[in-house]
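Note that the chains take the letters A, B, C and D in the order they are written out, and that residue 1 is the start of every chain.
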Amino acid sequence: MGRPCDVMTVCLARLIRDGETVFHGVSSHMPMVATLLAKATHAPNAVHLNIPGGVDPHKPRLVSYTSAGDDLLETAEAAFPLQEVFDLSMRGGLDVAFLSGVQFDRLGSVNASVIGDYPRPKVRLPGGAGSAVLIPTAKRAIIWRTKHDRRTFCEKVDFVTARGHVSDIVTPLCAFTMYGGELILKTIHPGVSIEEIAENTAFPIRYLTLEQTPPPTDEELRALDHIDPLHTRNLEFR
Amino acid sequence: MNKRCDLDQAVRGIPDGALLGLGGNTLNRAPMAAVMEMARQKKRGLRLVKTAGGMDVDLLCYAGCVASVDAGFISYETEYSLCQHYRKAVQDGRVRANEHACYTVISALRAASFGIPFMPVRGLQISDLAAVNDYFQPVTDPFSGETLNAVKALRPDVSVIHAQLADERGNALIEGPKYDDVLLSRASRTVIVTAERIVGEEAFAASAQKADIPHFLVSAVVHVPRGASPGACAGLYGVADANLREFLGLGTPEELESWLARRVSHGQAL
Amino acid sequence: MNKRCDLDQAVRGIPDGALLGLGGNTLNRAPMAAVMEMARQKKRGLRLVKTAGGMDVDLLCYAGCVASVDAGFISYETEYSLCQHYRKAVQDGRVRANEHACYTVISALRAASFGIPFMPVRGLQISDLAAVNDYFQPVTDPFSGETLNAVKALRPDVSVIHAQLADERGNALIEGPKYDDVLLSRASRTVIVTAERIVGEEAFAASAQKADIPHFLVSAVVHVPRGASPGACAGLYGVADANLREFLGLGTPEELESWLARRVSHGQAL
Amino acid sequence: MGRPCDVMTVCLARLIRDGETVFHGVSSHMPMVATLLAKATHAPNAVHLNIPGGVDPHKPRLVSYTSAGDDLLETAEAAFPLQEVFDLSMRGGLDVAFLSGVQFDRLGSVNASVIGDYPRPKVRLPGGAGSAVLIPTAKRAIIWRTKHDRRTFCEKVDFVTARGHVSDIVTPLCAFTMYGGELILKTIHPGVSIEEIAENTAFPIRYLTLEQTPPPTDEELRALDHIDPLHTRNLEFR
């Protein structure tokens, strides 16, 4: 069945299509590894963009304390730093942005700002980083979140940090996709039941067809260990 | 003009209440030695500006130095979890969180750098941030009549940037990722540079690699080896895990003071 | 993806009527071989964009390729006097001179690069340029109510940039002054790179100096040694005085054709 | 008395004060040499800014075909290219901008655009380059012009490319300065009479005190030959 971190990473990687421009930011080890995995497997011409500005780093030595470090620039081909990645999205040239958040609703709203009241919140969250400008402008915003419970997948987010082009949300239980302006179930990860997903999701689970997420292939697992020998993709599960 | 001074003196030049830009990104090349010295000097009312901050913002909030934070993201990255001091200060109403997208911080700094009072931006089309924050306002394109969002300029009174190399006149070179520091240096009224190494006055002229920050934007240069520690500095050192975890374990103001005392003494990093 | 092709093919991809950005500055690193090939292919209706142009703009006006020029300055520098073909074409009403300040060209390209329809600018406070040109309009700061000037975005359909080094996928490095070429590459829908030297696909990854123009912005790469001549190319060659003076001595369309025929043949610089 | 190019260059150099940020553009050999001269003599801390972005080039090997070439960057200390020089002026940080033009009137208006009607001009000029944004924003715009006749110093310019902070205009005959919103005579170059200036100026010559431009000193002439051995400062007189 694979560890949740591997299933999620592989699931994210497969969402990247060959030739697409793909950006991830800080605190984003899992999508960073997923981007490198996609380039090593089915999407060699995907363009890996990141905060330090290293376009297509050849052999980054991933470190655990950052997904925005100098390793991404060191073996890169060209310099295209954060400011320019944002600009690219603003002018319609970014295909995929990987983002996260703390609450999501069935309309694909993302909350990364506060729990409770905005000016005097119960919980101040880190903030949406790129979300508020990337989710409406990137062609597809792909969300990953390692928590899947009713507070995370809630009826109504406390605050809309951003809404727009969310296309997919990947969790340890399943992959959602946006369909007709609504978040629907796309695939269920190996070993997970639809009841478990429904129990942990505050909005109704709907789907077109019910399929299992294909488990990581041997090739994918080998590539993962090569790319990410320190298992930084698992940091959020530790 | 020799602008070299010690950390104590450079940080003393930052007035309480200053709009203060911080270089680096999360745990990468943040000016940690200068930040610790600010805490030691008990700065008050600082209004911080940073695209993505981490320990720097957390420590200054812990030390009670901060009035507000304009940023897109404030957190340690995955491994070291959230900025608890920042969070608590915002939740208690002691610090105002001016939440941006990282890009709107960049846009606000660009506006300051370009000498204009606002920058139009795409993005923010569907976001409560535009509704609840007065530094976002609608603006009309005079050519098409289209409405966009405008971000108000942020012109830091001073920014502190940690670089690998600097000369005594203030020319500074950032090796590896520059993050938003070059922009920050242009957007700010003045810049304090802390540097791993001080090079001779002919060094940049003789090199093919020119300084990123020209001397005339800089008011003080401080030689601070390991000045980004416990954070990382490209090409030189990674995160000092034990030191960082020690900081994360602190709780009371007294614990912070004694931790700081062990790390800086009158502007000398120990 | 190997994007290497010959000059003929690359230039054939530029449609008549294109908004065309040109790299370099006056006689420095302008894409002269590509410009000559455009003349040879008898492009029509090109709308040129450049902060400060010289022989490139003059030659294209001479060859009848140009509908308009958006620029801050069009002239040879001191030694080679004025761009007579450009001047005459404007004076005869064949070419429209959209006069900018160099900075408003930069501002218009920045707007395109940032995906916004206009850029507010300081400057132009007392200038007839703002009154007579419809690409300048007043805009109101939504925060203070102050009125500034706005410049309309210029998003070139394609830009041609001459670089010292490029790989076959389109990554390109400019040595020496970059002028406005990095901005131009971001502001344009696509980029044609002509390069003095083609390097292997691992070259930039292995080097500390990264390409300035990333491959995904580029649609064609052409190997053109001396591709900026008779202009200069930093680190490699200065102005070819005799060739340039020969061009300046030409008068009729036939003289230009035979001069071009001696310099380019079906996209091969001779 | 000195060659006109030397008198003019020295006159321009002396207008630069120590510590000031100073910019010149293309077709600007004379102010380029003047800036280098000022730094070599009375204003060592003046900051030399230029189009290629070389801050304080130590030993540029001046070439005749450009004042915006790579020689200005090669031995410079820092990179601060044209875009950033403009930005600096827009935010109020540029002390001196050297500019030129083809017509000037007593209000300090500069025309570098057209002779005749704007849309279908009798003569299309090169354009003002930085003038329209620098003359209103730099603290002082210093103009040099190697022609001094009644068409150049005219009653009314055909077109106002820019007006604003013009502080001084240096010609082969004299130096003007702005005083109370009006261009007045400041100094007369060696060997020139006030009658000659009046004959060649279409607006009335007014002045506060009438002084001679101090001729280039031996030190200045030595420095000039060291900085500019190819005499690029004389290009406009050839």
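Throughout what follows, contacts are C-beta pairs under 8 Å (C-beta built on N, C-alpha and C of every residue); 3 or more make two chains touch, one makes a residue touch a chain.
Treat the numbers as computed from the prediction; the structure is a model and nothing was measured.
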Open item on the list: Going by the touch criterion at the top, tell me which pair is linked by more C-beta contacts: A-C or A-B.
Closed with: A-B
TODO: Between subunit A and subunit C, tell me the centre distance in angstrom, where each centre is the average of that chain's C-alpha atoms.
DONE: 39
TODO: For subunit B and subunit C, let me know how many angstrom lie between their CA-based centres, rounded off.
DONE: 37
Task: Rounded Å distance, subunit A centre to subunit D centre (Cα mean) - done: 56
Open item on the list: Measuring centre to centre with CA averages, how many angstrom lie between subunit A and subunit B?
Closed with: 27
Open item on the list: Multi-chain contacts only, two chains or more: what residues does subunit B have there?
Closed with: 114-116, 121-122
- [ ] For subunit A, jot down the residues that touch at least 2 other chains.
- [x] 54, 73, 89-91, 137
- [ ] Mind listing each pair of touching chains for me?
- [x] A-B, A-C, B-C, B-D, C-D
Open item on the list: Give the list of subunit B residues in touch with subunit A in this complex.
Closed with: 25-28, 51-52, 71-75, 77-80, 82-83, 86-87, 90-91, 93, 97, 99-104, 106, 121-129, 132, 176-180, 183, 232, 234-235, 238-239, 241
TODO: Using the touch rule from the top, collect the residues of subunit A that touch subunit C in their complex.
DONE: 21, 45, 47, 54-58, 73, 75-80, 84, 87-92, 137
Task: Complex contact set, residues of subunit B against subunit D - done: 1, 112-116, 155, 167, 169, 171, 186, 202, 204-206, 210-216
TODO: Please give the residue numbers of subunit B that touch subunit C in the complex, ascending.
DONE: 107, 114-122, 137-144, 146, 148, 150, 152
Open item on the list: Looking at the complex, which residues from subunit D come into contact with subunit C?
Closed with: 25-27, 29, 51-54, 63-70, 72-74, 81-83, 86, 89-91, 113, 118-124, 126-137, 159-164, 232, 235-236
